[in-house]
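Next, two complexes with chain A in common: one pairs it with chain B, the other with chain C.
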Partner chain A sequence: MIVKQKQVYCRPALCIGCRICANACAVAHGGTTNPRLGRINVRVNAFQRYEFQELCRHCEDAPCVDACMVGCLEKNEETGVVTNDDRCVGCWMCVMVCPFGGMKRDVLNNMAIKCDQCKDIEGGPVCVQACPTGALVFEEREDSVEEPFFTGPTVA
Partner chain B sequence: MNYVIVGNSAAAVGAIESIRKVDKEGSITVVSNEKEHVYSRPLIAHYLAGEVSDDRMSYRPGDFYEKNGVVKRFGVTATGIDTVAKQLNTDAGVIPYDKLLLTTGSKATVPPIKGKDFEGVSAFQTFEQAKAVKSRIAPGVKAVVIGAGLIGMRAAYGLEEAGVKVTIVELLPRILSRVLDEKGSAMVQSILEKGGMKVYTSRKVEEITGENGQVTGVILDGGEKLETTIVIIATGVAPDLEIVKGTMIRTNQGILVNSYFQTNDSDVFAAGDVAETYDIPRDKPMVNANWPNAHEQGRFAGLNMAGNMTAYPGSLGMNSVSFFGIPVVSLGLCDPETEKAEGIEIKEKLVPENDIYQKLVFKQNKLKGAIFIGDLAYCGAIKDLIKEQMLVGIIKDTILEEKYQLYSFLRKKRIEKVEGKNIQWPEHYTSQQKFVKHFDEKSWTEREKDKRAWK
Partner chain C sequence: MKERPLCNNAVVNLTDRTVDFVEPPEEVLRSFIGGRGLNMHYLYKYLKPQCDPLSPDNVLILGNGILTGTMSPNSGRHNVTCKSPESGIIGDANIGGFLGPEMRFAGVDRLIILGKADRPVYLYVNDGKVEIRDASKYWGLTCSETEARLRYDLGSDVEVEMIGPAGENLVRYACTRYGPKNAAGRCGSGAVWGSKNLKAVVARGNQGLPLANPEGMLNKFNELKDYLKSSKVTQVLGRVGTPLLYDVSNYLGAIRTHNSQQTVFFDTMNAEEVHKYVNKMVGCYGCVVHCRHRNSVGGEGPEYTTEVLLGSNIGVADTRDMIELNNISNELGLDVSSLGTYLAWAVELYEKGYITDKDTGGPLRFGDFETMKKLIYDITYRKGFGDTLAEGSLLVDKYGKETADFLIAIKGLPQSDPHDVRYIKAFALGIATSSRGADHLRSRPTLEILDLPAELTRKVFGQPIDPNPTSYNTKAVVVTVTETILAVADCMGICKFITHCWNSPRNLNYDHFSQLTELATGLKFSKEDLIGVGRRVTDQERLINYQEKGIDRKDDTLPARYFDEPMPSARAKGSHIDREKFAGMLDEYYELHGWDKNGMLPQQRIDELNRLKNLS
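After this line comes the complex of A and B, so read on.
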């Protein structure tokens, strides 16, 4: 499902779970300093260790684009970036179908929010720019299917 | 290649887009009995509420058809198919086809209630009907919605948002009986009642009264009279099979299709709410009428029509709706009691004071369905687990816990992690026989056989 194109990846060995990426994202896109409203969210497990980033993967045949009943989610054919727009009415169909948790609910504005890879911001994604340890990278990977899912042995 | 598509909604759009990905030259004709540009049907409730204006109703941009080179035949009703001569009969002449796609969707079934022909009484399915209802909204107006299914509830909530006092009348003992279980229904009903809507369950509408052709009220069983100027009848929908009547195309509940969306005539395809496809959690063919499935099925059907044969893995009943800011999601087989499913195990979390209800339905270490009310938590990942029918045996108890990191398991890795590497995995089966003594080979083969029979 993950498409081979430039994506934001987390290098787990470097991530300290500080959530500065989420905060920077919320500031850049929503104008608030609430990491919960960041389009990226690196989750940490009970051992305070990086586990998984909730972030849009800009899927090929994206299920959210299928599910969007308004037609406001669309995948750009040239750049491959899936974007939402202000027509969103907050039906949460996309939240229901996204297996990566890349769609989040902004309850105040009644809109679904998602990563647009900072397409309008100079210098690329703000989360990558803000990451203090350099754990986040914006690159195209060969093994983009397996890499971001699993980060070594953890306790189930 | 000459593609003809009957119907103009989610599945048709999906088909047009995917045909154009493969075949840039073939001609595409869309035949639809509605005159509007493609619009979003579920959005008409939001239109009623005033959240969405007229110009924002369209599902795709205004130049969608021109950009994709589609010949529009709007306002034309398809009446039948001549599968031998490969012609679509319409009320405006015949249209020849090479590949035909039927996406006629479903139509409302209106019960024979006395007085249903008064002005102000309508079903709630098309933009036209929504416009008619909206034109009757004025301050102080009351409305009655007959039927508390998803369409009825969406309409009722839309009216409520628009400032209309709404009463819902349902024949069955609980609301949303097709998508929620008993506890979920009770919770949603209490949410609605807290919000100021009136819900009558186990009540029947005897008669709709009117004067001078305009509706004035509704009489319930027992003689109770409700005054109203708007009546919405939303007692159910059924696949619109009008067009295939009298042809060789086989139908059951919907049009029967294989996993390539072909009907028993290999040049006639069907997708969307009208098609009966393989339902993953229930493991049998079923009509799953919802927007995400329709678009997805249209996409697959389009690929198959254009010659890029791609098998469809199956559909999943799912729906999302929210009332007074509280989201409600239902996935797959979520009410095993009513459906009389066997071998079911249920895990649930209920916090009535916060309006939170989460429920997971398991069968043989696989997730079959889920309900999320109030807190959507991991519902996307859960939907993925249901759709892939992954083995989730040992996380049954912890899956609903707040801190559980389900997102760290995805696809194959998630199975490996959840069930261990040495377990019940067909491609590892021969090399790991000593670990899989409890693996029931017969059940696997039978399951595979059934799947093949369907395909």
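After this line comes the complex of A and C, so read on.
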């Protein structure tokens, strides 16, 4: 069954590469700051001139769930949210199969970490709340919209 | 795993190739907090007095503020501190970007670099360790090439701070660089990296930086983000960046033009003209302002400073040409503020006949873009006249004693701010007393010209302030108050664009700082504690300056041109600084600091700083 669900979408034209989203995620889920430990992968290279986010899309037919040998990745039938739990052994198969770069690695604790859409947090995803320019949105879209990388000389 | 200390400093000796870790005792930490403050403490501790800045005896310190890398707004900054090869006094500059936070995530809060490596090296900071690695294959590369090669070799997720060819060739105003835009620009720290054979510092941090109160911090961030974003100044800075100030200064007739011989220039540097070349505005770590322009010419910038120092000051009127010079200087790793001042100074000397074709190898003229461009490359690679000019303010009386009066510099450091300070008197006092030379980022007392209501200025400065910018009254108070809070912002690792007193009274003040510090680290600082720290840092810098070069009242002065030549045009016409009244302001300033008539620290303070020095 296909569940219509709200998703976190990235609007690269508005992203300034500050990594606040990933940092807020790390603080909310782990109590420490470090964008690397957030569930969003912010790709920034100032010389090559890009900044955008790689984030989990909670796929209809999620490859990570299939690939997980421990069975700790799970897609909730009702909400459609794909979550990880602490039985993870850090084999990184989910990281390998994800076509969107949505899985991240906590290399010190040897665990895969992924977006859970802040299902337990009031007010929805903390990344969307913390984004200073509105580059991240949490909404239900009928079809995937192609987001431009540049709209004009200024951002919000 | 051992619990992470609040401040973990790595002492790297490049001569012996050793790395030791030291933690500051609690009293030292509470007295200097971090960033610029602790950097000054360690500079005082490790520097061999009166050493040659380009010798292995100099100390290079990269130090994070206490909030750097936390969830505070705009907390991506650290300070690069050394003895300046340009001025011979303290060299200190604040830099944004991502390296500072990354170092903290790697478990190292401060790098104190001593000695000199026998061949080119870079430092690799990862998981609480600092490795000294060979950098022969990166030596000679420009900034973008260095970053690209290091990321190719080590992985695309490392952060790189480096020097360009200018630093390698020991140009005395070479800067420390991160990415295409961020620079610890002033005071020639790049040459110190070069003298130590240090090409880059690379960090990769997988550890989390623990917060004392994560939930509170997240809520505080969201609250402050909305608060700051609703400020008009923040919105405009995010839209057009600092070029917004050009039009204002130009209208006033206070834009440094042709080495401050003129004060009005073309409209081609206005924010809307610059904006035609801007693709996007981007930000540093944790930024809510996003003031960095990604320009279509192929780099980032220009700031207001560059617009004027590589534009009107050397007579280049075409917007695109100016942006190109900005990009070239960034790529080569030069401090644009010093560069633009020296170029303009050389042109004036040529026009007045102090130097001739025999010295320069060809005519120098204001507005000659091609010659200027060539000269920038010649300075970097030390060819011909460029080799001479690369020595910066050491040249000051090489071509005759009176030529020193044409150089817009104080304490051996050229003026960075594009604003001709003859009109705004507080600004004049600010750059004259700034601890690192003629620099606006130490105090920048411009809040009073906004014509704010009297009760607001009283709240900010603690007493009524004369709102007239051309008056000399109470301006010492304005400078002291601004200087102190900016010193604290540097200790915190917070960007000055969101600091109280900088452009807007609405930004983060001491109360915000103490809340944020408590949420992040659990340490409690009252407003009085923080003011005490700001004052202590200023005093510590003064003491180092006295120790290194005998800096006192005679050095807290302005270029002769600001005293003797009235401004030639527009609204500011006729303004100049009156020597007697300036001396009066200086007396008041010293009194507010508790210094004597000669600008010397009281013995009690010297004893305190020496005691702290021996404590850590």
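Quick notes on this structure:
Keep in mind that, in the parts below, the second predicted complex is superposed on the first by the 132 of 156 C-alpha atoms of A that agree within 3 Å, B and C clash if a C-alpha of one lies under 4 Å from a C-alpha of the other, contacts with A are read in each partner's own complex, and residues count from 1 in each chain.
Please note the rule applied: a residue touches a chain if its C-beta (ideal position, glycine included) is under 8 Å from a C-beta of that chain, and two chains touch if they have at least 3 such contacts.
Predicted model, so just to flag it, every value in this text is computed and none were measured.
Of the two partner chains placed around the shared chain by superposition, neither chain B nor chain C is touched by A:Val137. Contacts of A:Ile20 after superposition: chain C is touched, whereas chain B is not reached. When both complexes are overlaid on chain A, the residue A:Asp66 reaches chain B alone and has no touch with chain C. Shared-chain residue A:Gly90: touches chain B; no touch with chain C.
By the touch criterion stated above, A:Val107 is placed in contact with chain B and with chain C alike.
In the superposition on chain A, A:Val126 makes contact with chain C only, not with chain B.
Touch criterion not met for A:Val81: it reaches neither chain B nor chain C. Within chain A, the residues touching chain B in one complex and chain C in the other are 45-46, 51, 107, 150, 154, 156.
Against chain A, the residues of chain C that register as touching in their complex are 69-71, 98, 101, 105, 127, 144, 147-148, 156-157, 179-181, 205-211, 214-215, 217-218, 221-222, 225, 229, 238-240, 275, 278-288, 290, 294, 300. Listed in rising order, the residues of chain B touching chain A in the complex are 10, 14, 40-43, 46, 51-52, 56, 58-60, 291-292, 295-296, 299, 318, 320-322, 325, 327, 329, 331, 376, 378-381, 383-384, 394-395, 403, 405, 407-408, 410-411, 413-414, 417-418. Interface residues of chain A facing chain B in the complex, by the touch rule stated above, are 43, 45-46, 51-52, 54, 61, 63, 65-67, 69-71, 87, 89-93, 95-101, 103, 105, 107, 146, 149-151, 154, 156.
Within the complex formed with chain C, the residues of chain A that make contact are 13, 16-20, 23-24, 26-28, 30-34, 36-37, 44-47, 49, 51, 106-108, 126, 129-130, 132-133, 150, 153-156.
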